[in-house]
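In what follows, chain A forms one complex with chain B and a second complex with chain C.
And then the complex of A and B:
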């Protein structure tokens, strides 16, 4: 029979002691460095930049960026300013938790004007969405589709 | 070699499950030994490493960016926690995505060396993690060790004895 036991839990006196010796200020410093590192990593990913591309934008080497992302960097305000400008954000926004994208309204309209059978040919069935208007373009002659959304997403 | 994979109660959290390994019938895990061995000469660095691991377990997960990858052999997941620029300690672990890591030992990296192969202590610690990683992989292929459904925990026979083979 398959053993489905999880691992035994181990409590370490060494680890406990070190955690107890860490001041609240030290904990907050470590947390802030790691928070900023993860935020930078997420921002770079959102822009679809490589580390090298981001490095070029802030005039640093890729190895410097690796260090920034490692959660060990103590940034100066000048460096934070350079980073924020690369992302077109304020320095304060670098520390702000990204707002989750919440769609709070969707309007979906599908109209069937004509209901005749559609003859098969290769061009029928090719559909595209016009990304600017949200209009669904189809070779099906009898259908129209519109979609509108409102959200709080940041551009 | 007999060993047991144990979950580190203080470091594990909702973002990442953190394990270490007890070799044979030792009282301490490989990570405990790392902390004990380096607490006198590198107290601040050891404290920082423990706190970073706490943050990884509870707040951030074992994101790739926090680790120096490919410290072992291709595909074995052996890596080292990134240290601060002036720090010298290497702490080895096996990373399975951001949800799970197994901590090993490590030691100070002398400034004159470029790779762990050039230092006896680091070589011993890194090679042990490479061996453990391979052994776990083999036991996973055999179905002896497997993932929990949510992918955050190891299940199965985690107390491994050579006699069972």
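And then the complex of A and C:
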């Protein structure tokens, strides 16, 4: 169980001086390096590779991978290309937030088949069963339904 | 927390109401309510979640009028993600079918409750989302 305590905000004159001396360009550079390091770490975890396995795939030493993941590495485009090939991604996708993957999609149409009101005690719990596509029941007193599945995609 | 074969530990992490609309028809109130239901399951690897997005449209007999619609995200946290979801030869995650059925049914039930709560007191008061037996849908 993770500690759910919120992070403390700390401020000091020294930290404020350091931040003031950092230009916007430097801040953006650091942000991008950290973002890429985090993304790499996530990708390695998603593939369930160890750092050594990943190092072997990109032809580097494990210590170099540790440096990459520290967020201090200034990658060349050639290195990024090697990394992207190892993950079977484009270089651009290394910087993009991963999208959730659709693994199941089903679409159902449940149609009312009676429009005449039915006394409550006769209809409660009544079931209509479509043996080809599924079953359902409704306790709604004034209607029965038929159900059909008209699309289903799985990727 | 529940156990499903192969053993998957998960819990409901969040419920998000994305959309809810009610369109009151002109003239006589509708007698019949038909339902167009869509369930989409998404896998998000890094937060280790499965999200079931349930969209329901309450529609007229001729399916031309939408009386009301609702969209609900149901987010499930998978506790033992690495153990429960194996990677196949193509590096794709194998999701236990029974887990998909379980969270699909739970999400439909959750949406049914939210629908009832939101439509209560309107002309859609009786538009109860029917029970759907997902495991019996062959294609699910």
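The working rule: the second predicted complex is superposed on the first by the 88 of 155 C-alpha atoms of A that agree within 3 Å, B and C clash if a C-alpha of one lies under 4 Å from a C-alpha of the other, contacts with A are read in each partner's own complex, and residues count from 1 in each chain.
Quick note on the criterion: a residue touches a chain if its C-beta (ideal position, glycine included) is under 8 Å from a C-beta of that chain, and two chains touch if they have at least 3 such contacts.
Small disclaimer: the values here were computed from a predicted structure and weren't measured.
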Checklist line | Contacts of A:37 with chain B and chain C, given as first, second, both or neither | finding: first
Next item on the list: Based on the superposed arrangement, let me know which partner A:23 touches: chain B (first), chain C (second), both, or neither?
Entry: neither
Check: Where does A:15 make contact in the superposed view: on chain B (first), on chain C (second), on both, or on neither?
Finding: first
Check: Is A:102 in contact with chain B, with chain C, with both, or with neither (first, second, both, neither)?
Finding: second
Next item on the list: Go through the superposed model and pick first if A:72 touches only chain B, second if only chain C, both, or neither.
Entry: first
Note to self: A:110 in the overlay: touching chain B, chain C, both, or neither? Say first, second, both or neither.
What the structure shows: second
Item checked: Residues of chain B touching chain A in the complex -> 4-11, 19-20, 22, 28-29, 31-32, 35-36, 39, 46-48, 50-52, 54-55, 59-60, 63, 65-66, 82-85, 143, 148, 153-159
Checklist line | chain C residues touching chain A - in the complex, by the definition given at the top | finding: 31-46, 51, 61, 82, 87, 91, 93, 95, 100, 104, 126-128, 130-134, 136-140
Next item on the list: Under the touch definition given earlier, write down the residues of chain A that touch chain B in their complex.
Entry: 2-12, 14-16, 18-19, 21-22, 26-27, 30-31, 34-35, 37-38, 41, 66-67, 69-72
Next item on the list: Over in the complex, which chain A residues touch chain C? Could you list them?
Entry: 42, 45-48, 88, 98, 100-112, 114-115, 117, 133-143, 145, 147, 149, 152
